[in-house]
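In the two complexes below, chain A is the common chain; its partner is chain B in one and chain C in the other.
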Partner chain A sequence: MPFMKGKAPVRRTLKYLEAGKLVLKNEIKVFTVNYNVHGAHHQGTKEFVFWYLPQIQYKNPNVQVATFKNMTPSPFIRCFYETGKQMLIDCDNKSKEDIHEHLLKIIGKTRETLEAEAIAREKKDNPANFGRGCDRHCICEIPGQIPCPEIVPLPNHMRGKFIYAKD
Partner chain B sequence: MALPAASRSLLLLGECVPCVKHNASKFKIKRLELDTNLLMYFRKDDFVYAHDPEKKCKTGDIVLIEQLPQKMTRLITHQVKDIIYPLGDITDPITGKKVVAGKFRDHIEEVNQVYGKLPTAFDYGKAPERGWLEDKKDFTHVETYIKYHKFKNDDQPYAV
Partner chain C sequence: MLKALNNFKLLSMTCETFSPNSLYQQSVRWGRKPLWFPTAKSKLFRVSPRKRLPKEEEVEKRRLYNSYRTQVKSIKQYLEEKYSLENQEAFDEEKHKMEIEEDFIQCSEINDKWNEEIKKSREERVEKELQESIEDAKRRLEKRLKIYAEQRETAEEAVRQVKEASQHFITPDKLDAAIEYAINNPVDYNFALDLDGNKIRGRETKPPSKIEPEKISAKA
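Moving on, here comes the complex of A and B:
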């Protein structure tokens, strides 16, 4: 870890940031956390901000992530949606893992959505890909490959009916 | 990692800062920017002008602003949607009660009653709305500066 400065510099490693699991849904534009510095029931939220906030901001660069300290007696997380709705999550006496799990279930994208998005991104990235969802559907459409057997029949040494014929 | 411009975001949460424009209020948007060498997030402030014809927002209020479908002027790109936390009068969203920096107002009242309340104590219920001392003792609605020269015809009411 270069520049091992500050408390828990592991939070500043690329590996840690990439390992963030919470990817917020597309409609969420602002994510705020309210907590107090002192108070035992705020400790969980405070630790959540300390450990998970860099990961959340890294995985959601277009979401405004803000923290407010010492404003209200109870800790909470508030998300603002594009549609105007708000999501209020009470974090009183909850540990950071509880809060994280709850957020993953409520406002995080599911693993299936994330995997589908990753595949979609890969397909769009690489123009050489072919198959479902790409420009070319089959390998026969790619220049330099064998033409479609529908149009030009394969040579006999490549056709199963000649190779396995009992004569 | 460079942040996209705040003026292009659909929804933002900002703190109201003093503004001289008539129909608009200026907002400070606190966002985090990643320093690629240290891999650390640092606060970066952007200023956005939002359309607010009635001047509902006072300095220090936390306000939700949304992007206008079309820019009103070169600088006014957003409009005020909702005041989330007005300064001095914050309502706890979970309980719905009024709070004062980490304590409930009714809790403070009860404690004061037990200890004995002074007649000159500040009463939240009877206090007038924020802004009744503007231009007399409250100068948060403008940017003040330290007086550097006495001008002949200029009274300089906002020079400290």
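Moving on, here comes the complex of A and C:
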């Protein structure tokens, strides 16, 4: 089938991706995970990468997410901030749920911040607005306002050439 | 010219659809007089009468309107003050930076505690694995040593057997005696074996019953 690709194609569905909870803070620009493919203490991180990384990348399209395999004796996650600082998170022998929870606390936006951002976004999308980027380009398109002078000329007392005529 | 054009445009806009087949349609010039048309001659000097209400009603109306307007004014002023620039907190970049740094420090503390816990458990695990691997190595060493010992024993056993047998070897000085012995004691291989293991010698003894020699057939 052309759409059910990969081991767990549910990870590619919109519903699954939208359900991602981890929205990284604005200052984080790079998110890397180091782990091995074999080794019992690496399994938690490996599963975390398999299940949660698509959600993270979907919710943070402007963050670089990278994985490095078979280069480390013990798995870890590293976040790089705009200011140049780094956050090293050890994940040795931890399950994917534990890692996810910890990341939500450390580098995720809080629920309140996300709600405030959602409200701000709604305010910007006011349907009553007109102009650039809105449905209606001009005030003449709004019912109840003076029609476009292109179609129906304005009355003479509203036209400059009659008001300022020197007769 | 412009007037004619405008009239034409107006006609097309506000006229009802004029179909030559329907005779029961009345066409309307316009729904209402356009804003910029001058007042009609019949209406030029028209003075519409002033409507006056009885005094009590006027007083009541004024009271209601006043109360409504004060309410609206108060709301408007409140909102103006609330959203005025003075009251709005200006976006302070330094303060924002400080907040980000503080947040980073707090999160780093939580993360450090988490890392410490994991470090402890990891070191325990690594030590355990190291001990296990040492013991495993010891066991393997013992096994190998045992194998070597067994091999040495089998080798020694073989050497001992050969040593024992070497006593009966015929060396050049024992040669004459050996030849004499061999001549004096010939070994007779001409015997038959019973199921019970009895050797039945052929030179001295006779077989128990007559056995006719088997003829070899041509087919076989």
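Convention: the second predicted complex is superposed on the first by the 125 of 167 C-alpha atoms of A that agree within 3 Å, B and C clash if a C-alpha of one lies under 4 Å from a C-alpha of the other, contacts with A are read in each partner's own complex, and residues count from 1 in each chain.
The rule is short, and it goes like this: a residue touches a chain if its C-beta (ideal position, glycine included) is under 8 Å from a C-beta of that chain, and two chains touch if they have at least 3 such contacts.
Everything numeric here is computed off the predicted structure, so don't read it as measured data.
A.B. asks: In the overlay, answer first, second, both or neither for which of chain B and chain C A:29 touches.
C.D. replies: The answer is first: A:29 touches chain B but not chain C.
A.B. asks: Quick check on the superposed pair: does A:106 touch chain B, chain C, both, or neither? Answer first, second, both or neither.
C.D. replies: second
A.B. asks: Should A:145 be classified as contacting the first partner (chain B), the second (chain C), both, or neither?
C.D. replies: After superposing on A, A:145 lies clear of both chain B and chain C.
A.B. asks: Now for A:65: first (chain B), second (chain C), both, or neither, which partner does it touch?
C.D. replies: It touches chain B, and chain C stays clear.
A.B. asks: Applying the document's definition of touching, compare chain B and chain C: which contacts more of chain A?
C.D. replies: B
A.B. asks: Which partner does A:74 contact after superposing on A: first (chain B), second (chain C), both, neither?
C.D. replies: A:74 contacts both chain B and chain C.
A.B. asks: Given the touch rule stated above, what does A:156 touch, chain B (first), chain C (second), both, or neither?
C.D. replies: A:156 contacts chain C only, not chain B.
A.B. asks: Once the structures are superposed on A, label A:126 by its partner contacts, choosing first (chain B), second (chain C), both or neither.
C.D. replies: A:126 sits against neither chain B nor chain C.
A.B. asks: First (chain B), second (chain C), both or neither: which does A:84 touch?
C.D. replies: After superposition on chain A, A:84 lies in contact with chain B alone.
A.B. asks: Please report the chain A residues shared by its interface with chain B and its interface with chain C.
C.D. replies: Looking at chain A, the two contact sets intersect at 74, 88, 90, 92.
A.B. asks: Per the contact definition, I'd like the list of chain A residues that touch chain C in the complex.
C.D. replies: Interface residues on chain A, with respect to chain C: 25, 27, 41, 74, 81, 83, 85, 87-94, 102, 105-107, 151-158.
A.B. asks: Mind pulling up the chain A residues that touch chain B in the complex?
C.D. replies: Its residues touching chain B are 3, 5-6, 12-14, 17, 29-30, 32, 36, 39, 53-54, 57-58, 61-62, 64-66, 68, 70-74, 76, 78, 80, 82, 84, 88, 90, 92.
A.B. asks: Could you pull out which chain C residues touch chain A in their complex?
C.D. replies: So the residues of chain C touching chain A come out as 6, 9, 13, 34-36, 100-101, 103-104, 107-108, 110-111, 114-115, 118-119, 121-122, 125.
A.B. asks: Given the complex with chain A, which residues does chain B contribute to the contact?
C.D. replies: Residue list for chain B touching chain A: 1, 3-4, 9-13, 29-32, 34, 37-41, 62, 64, 81, 85, 90, 92-95, 99, 101-104.
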